[in-house]
């Protein structure tokens, strides 16, 4: 019951894409990973940018890596860039330490996955991620 | 007009999942990549197997890598295993040379992407991939 | 309640080491990974073999990768070596496809992690892994 | 006599975890590596953060990499960030250059391994690492 299902993950993706459309954002990519960091659902709107998927996935992975939304990584990267060099290394380069990676939590605070969004500004990407998580009935944690 | 849209890619994913359900297969993962090898849409049904996404993506990538459905890679791997070792190397290990990676072609024969499916037997995975491509109005090429 | 705790993981490690001692095996290493493939507990008995930890972890990771104990990977590797080349690639070389990687399941069949053991023969390694899992009150699935 | 035994390594892990509990820290992970940089013992307390093991191991590895506790790497990283980029590269990305990686020395000053701790603040992580080493009767060197 506490695992992220495909139905949940697809609801999050669709609601995040809808939010982007509502706000008139640039085409975005939305990745949903389970708590173990594995891809569960993904969609990328039509636009030419060949690493868009990797960036979206990397934001979600970064949030899970340290158990905090990527606002924390983004801030830490500015304060202690060498930590991010290290973290990038031990993760085999899988982390995008930028705003837009949001933890998916249950009401009770359990982390069941993360969403990563990429395509518009980082702040707008994050708005879409949060909207997707909340539309699916979960609690969004973008970090601080 | 000849590029794979997100709408197309999601149609393929959903029809492939539906085919798996219709046949009573094990939970599957379905990945759709565009002609450049970048992830466009993805869904993974609920089951514990942490590399399922990588395997599905790797089959689609393998098909695009050589411009043929992965039946060709699967056969070639048996006849010339050293070629697959080399191909795995130059692709940074991104290829799964196994049945279940199917090219998405237009009526005119243009390759616009590939589908990779993983979760049941390779042959059943392929059936789902072909069903998804055809349901979306494209031509499926599983290789030979 | 259904996640693998550190207490569980340490029980498994200790019981597996005890089994090795009881059987008079060579020094072994025992790794316990959670369902997401992350290391939870580990111990390596005293012996000079610098990749022992990587091998033990790689067996457990291999079992989780495909959702089956590594007897399945070991057999598949003999029948379809190219699949293993591919799997090794997409996992960034993290898989040891050899007997001795055993899934940890609950009574209800849910996979909550895996144990990998290395140091003696593969079959003896597996005996220790199974003993560890059962001593901690879980169901061991070595694959088939 | 001067090699790190499993009994020693497990004593260090357990005493470090106990220190974390005594201080009321967040869940931590504790890794003990031998002088050759290979994992000897490891435990990760229950918390969702999927790279916790890699970070703890990376701190210990970093200490061994340069023969100094990671206070030295942390300081050097601030003064000469390019050195850390290089070090991360030649180590295949295995180093976390952050406080919390502590060398394990004998009374005579011989390095027999290192401890890496991750989970709370870097300074608190280091306190646990030092406590673990001293409880096991060794000399802790956190670098300077």
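Labels for the chains are A, B, C and D, by order of writing; each one numbers its residues from 1.
Everything that follows uses one rule, which is that a contact is a pair of C-beta atoms (placed from the backbone, for glycine too) under 8 Å apart; a residue touches a chain by one contact, two chains touch by 3 or more.
Quantities reported herein were computed from a predicted structural model and do not represent experimental measurements.
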Between A-B and A-C, the pair with more C-beta contacts: A-B
Chain A-chain D separation of Cα centroids, rounded to whole Å: 30
Chain A and chain C, separation of their C-alpha mean positions in angstrom: 31
Distance between chain centroids, defined by C-alpha means - chain A, chain B (Å): 25
Interface hub residues of chain B, defined as touching at least two other chains: 50-52
Chains that touch, pairwise: A-B, A-C, A-D, B-C, C-D
For the chain C and chain D complex, residues of the former touching the latter: 3, 5-6, 9-10, 36, 38-46, 50-53
Complex interface listing, chain C residues touching chain A: 2, 34-38, 92
Touching residues on chain A, where the partner in the complex is chain D: 35-37, 64-68, 80-83, 85-93, 110-111
Footprint of chain C on chain B - complex, ascending: 47-52, 54-55, 57-58, 62, 73-74, 77-78, 81, 84-85, 88, 91-98
